[in-house]
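Below, subunit A partners subunit B and then partners subunit C, in two separate complexes.
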Partner chain A sequence: MKPDKRTDTLADGIARKLEALANEKEGIRRKLVVTAKQLAVTAKEKESTRRKLVVTAKQLAVTAKEKESTRRKLEVTAKQLAVTAKEKESTRRKLVVTAKTLAVTAKEKESTRRKLEVTAKQLAVTAKEKESARRKLVVTAEKLKSLYETLEKKVSERTKDLEQIRSKSEAILASIGDGLVVVDKEGRINYINKSFEEMLGWKAEEIIGKSMVQVVPREDIHGTKVSFKERILTQVLSGEKFVANLTNPFYYIRKDTSRFPTSSIVAPVILDGKTVGAVEVFRDITKEKEIDKAKTEFVSLASHQLRTPLSTVNWYSEMLLAGDAGKVTPDQKKYLEEIYAGNQRMVELVNTLLDVSRIELGTLIIESKPTNIVKLTQSVLDEHKLLITEKRIILTSSFSKKIPLIKTDPKLLRMVIQNIVSNAVKYTSDGGKIYISTVMIDGSDILMKIRDTGYGIPKDQQNKIFTKLFRADNVIGKDTEGTGLGLYIARSIVEQAGGKLWFDSTENRGSIFYVTLPLHKPKKDNDASARLYQRSNN
Partner chain B sequence: MNTPKKILIIEDEKTLARALELTLTHAGFEAKLAFNGEDGIKLLKESPFDLILLDLIMPKMDGFTVLTVLKTEKIKTPVLVLTNLSQQNDIKHAEKFGAKEFFIKSNTPIATIVTRVRELLK
Partner chain C sequence: MKDKLKMTKTILVIEDERPLIQAIQTKLESNGFIVVTARTIDQGLDYLENIEKIDAIWLDHYLPGEKTGLDFVAYLKGPKSKWAKMPIFIVSNTASSGNVRSYMSLGVSKYCVKAEHRLDQIVKDLKAFLDDSEK
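Coming up: the complex of A and B.
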């Protein structure tokens, strides 16, 4: 193939143009086909539209009919509306009236509202007050609550304290070394402590509620059972306070019938001024008695020993005074007389001490015989005549003629009268008065009264006057001779004889001493006191 | 002149015995001393006495024993007891044993004793 290159290129161009024309023709043809197809579609669409229009026409015909029906309905409605309008008018009128009424009501409402407003405001204020009050109440309530709690706590603490105190008191009572018994006003045992149980052998449960006097018998120093009436407890419950006299010890009888010497103090329990019971505290004094006995024995021994030197002084001064050793000058005589007198006082003191120890040891022997108390008194007065005259004391005496002889120990009775009379003389200042009388009372007792206008006994010391070695303050300076034993001895003797010795006294006015002696002593028991010691030694 | 009456003083307290001796001699009696019961009995056995002044509490032999011995020995010499015991029991006891009288020395002036002796030996 290599003819001419230009020819070839031309031919090629013509070919290519022919090919392009062919292609163009094919394109147009294809376009025509498409257009034909499109035209066919459009025809179909026109047909569909025409059909739709037919339908629409038909629909319109239907709609016209509906419109007619609607118009008719509307006509009915219009008529109805006309009626409604009338009703509306009436309603409107009514509404106008109502409106007017409402206007009035509105005014009233306004006024009410205002009132309400005021009220509301007031209520608001009240509410505030109430709120404040409420708050206060709340605070108060809280305070009260706290106070209540505190109180409750205090009460419970106090109760606990009281409980403690009570059990403490009970423990104390229980452990007191002395016997303790509490009785009600009928004398029934309410409480006893441990010492009571130990001393008397009774257990609390055995005797609570029973009569103390019956459960625990008492005997006096003579071994005689003390009667119900004479029991201290009975006397205290009847209203009189009484402290057992230690010089008159007694015995308590144990459950096992053995006994022990006792001293006790009984006091009434007084509530609102009424005796509701009594409390008794008692002690076993066996030991004390032994010590006391030893002491008394010592005094007795010492006194006897003192008598020898006293006798020596007595006798030798006597001999000197008698001139046995040559003549004495008046001065020497005076001095010797002082020695002798001083020694005599010592002798008297020793004698008194021995009397006391005899009384206490129970070795005092009583020799009773019919005794004329009036004569005895007169002889005692005679002994004091010198001193009475010296002190210019006016002595008056009166003795009833009816006084019989009484069976008693004249020496001891003399000691009693001697003691009281010598006190009256000693403690009455110069120019004073002493009055003595003896009368019978109730036909069963002799009553002797010795009254003086002397110094008297100070009130605060009156209860000690019968105590051994006691001397009242107001006479110690005035008289150095007293021993403080006289009245102790006198009372012991009188009581031994079944009588009583007591006194009334006012300081600086004088004293009256009373002695009663029974004509017949209920029971004579010479060895009673001696037995007392034998027993306590057992 | 009468021979003086013989008095035996049985007393252990020498000063008291001497006082009695002096006073009784002064009063015209013949007094002899014994300082205990035993010596007293010895003297009594040696020669008779008109009166005995007897103490009760003494060493060796006390007054009560002396009284008993006097009784058994049938010595009838009157006895005045001079003592400082003042228990009534002692007094009774002494009297039962034959003592004629009983004096408490400290309570009795020596003159009283002399008077009683004189009366008894009249």
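Coming up: the complex of A and C.
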């Protein structure tokens, strides 16, 4: 607009120049037309632009609104973010801690992992072995299976066999001819056999579970009841190895209180090294006693019979020696003396046998009277003086002065001392020593000791030395005169008198024999052997 | 001579073992005794009743027959016996103490065990006994 107003003003003031200017005007007009045209285009463009702007404004308004909303949203979001940030911080811290923990854990894990690695390797090896073992086991299992089947068969077969054996064993036990009783650790009856029932009159059902010692009382040869403590059953159950009562006869009392002489053996029943009970086997020995008595009677009779021809030899050689049939030459005399001496020995032997049979028959008559044991001993020693001197044996003796007279049978006591002294002299080599002493002990017993430095008794034969007819190996060759009866007789006599006879001995060193005799004999031992046989006859 | 005859004693020996009888007889006779021998109790009793002068009896215990020397002694030493004071020597091998006691309690003079006594010792004892009882 502005350029239009300036152009009009300029055309009135300058006329001449109007034409130039008209030209110019024309030029400009043209230019203006162009410009107008241009302007129109521009306006149009402006209008378009304005419209576009309006649209844009509108759009902007919308955008602003959106922006505002967005801002608000952003604001909310920011707030949320702040919160989130805090949480994140906390989480981060936690994570740091966790991270640290994890680091530690990681280390441990590493170590564990290594260990596991090792273990894994080992396991691998083991696994291989296991596999191999498994294979073997499979093989073994198969074998076992087949074995098991065989075994099963065998077991069933064996069971049958065992059943048979068991019933057979039971039948055997039940039928044993000797009485049989099995007791438990407390001595209660577990089992008895038929013979037990028959011999003692008790039925199994009456006494199973009861005490054997109480059910079946035992009496010794004097008729004295044997105490619980002394019963061999009790002794075996309390640990004694084995007890046989063969030489010491006793009586068992039946249910009906009658009795019979018995011999029994008791042995412990040992299971896993412990005594769980005992088994006793016993026999009625009435028959044996009768036989023994008959035997003894036979010996007695035979001995008497033997004496007659011995007397003949004795008397005739005696008469020849005395010159009753004319004078004998020195040689004849020597021979006759041998016959006479040999016969005398035979007489002594027969006498000894008779003594034994008397002791066993209980016909040995004891005539007790006050006896001076010291004097008796000295007289026995005097009898041996010759032999003692011959063998250059040094004999010493010591007798206590306090020994009173003792009421005993001097003949029998003499036999005891004579036997022991003669053994000491006989079985001691030349130049040896014998020592005899007699003392009182406890004011109630006389103790006699006879010690020698002789051959002694071999250890393994010491338990037989008092057995009838027994002679130790080491003297049989040295001396032919012994009978093996002397100590048997001596002990029987001493025990009959209520005393004891025992010894200590070492082979090749010597022996000590001890004899004790009570001043007052206990009553129950009176004539023990005689009673024994009377009883068995009842 | 008379004195000597008076001193001569007659002994009745009752013993069944022939060799022993002979030995006893020989020994007794050589010691100046007159000997009458019997082998059983009954024979002995017979001699005792029929031979007037018997001074002593030598007697064994076991003899043939049912009777033993003990029965004989019991008879001789019985209440109405005229031989109650007759010296009797038991010479036997049966030396059971019971027998010895029985004989002694019946009043025999001596009991000897043959096997344990010398013959001359018994004869000596018998002689001494008879000499003693004469005093």
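The rule is short, and it goes like this: the second predicted complex is superposed on the first by the 269 of 538 C-alpha atoms of A that agree within 3 Å, B and C clash if a C-alpha of one lies under 4 Å from a C-alpha of the other, contacts with A are read in each partner's own complex, and residues count from 1 in each chain.
The rule is short, and it goes like this: a residue touches a chain if its C-beta (ideal position, glycine included) is under 8 Å from a C-beta of that chain, and two chains touch if they have at least 3 such contacts.
Just so you know, these numbers come straight off a predicted model, no measurement behind them.
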Does the subunit A-based superposition show subunit B and subunit C clashing or fitting?
clash
Just checking: does A:350 make contact with subunit B only, subunit C only, both, or neither of them? Give me first, second, both or neither.
both
Does subunit B (first) or subunit C (second) touch A:171, or do both, or does neither?
neither
After lining up the shared chain so the two structures overlap, which partner does A:304 touch, if you call subunit B first and subunit C second: first, second, both or neither?
both
Which residues form the common part of the subunit A surface touched by subunit B and by subunit C?
304, 307-308, 310-312, 314-316, 318-319, 322, 324, 347, 350-351, 354, 358, 363, 365
For a test of understanding, state which residues of subunit B touch subunit A in their complex under the given definition.
13, 15-16, 19-20, 22-23, 26, 84-89, 104-107, 109-111
If we count contacts the way the header does, which residues on subunit A are in touch with subunit C in the complex?
304, 307-308, 310-312, 314-316, 318-319, 322, 324, 347, 350-351, 354, 358, 363-365
What part of subunit C is in contact with subunit A in the complex they form?
17, 19-20, 23-24, 26-27, 30, 62, 93-98, 101, 113-116, 118-120
Mind listing the subunit A positions that touch subunit B in their complex?
304, 306-308, 310-312, 314-316, 318-319, 322, 324, 347, 350-351, 354, 358, 363, 365, 367
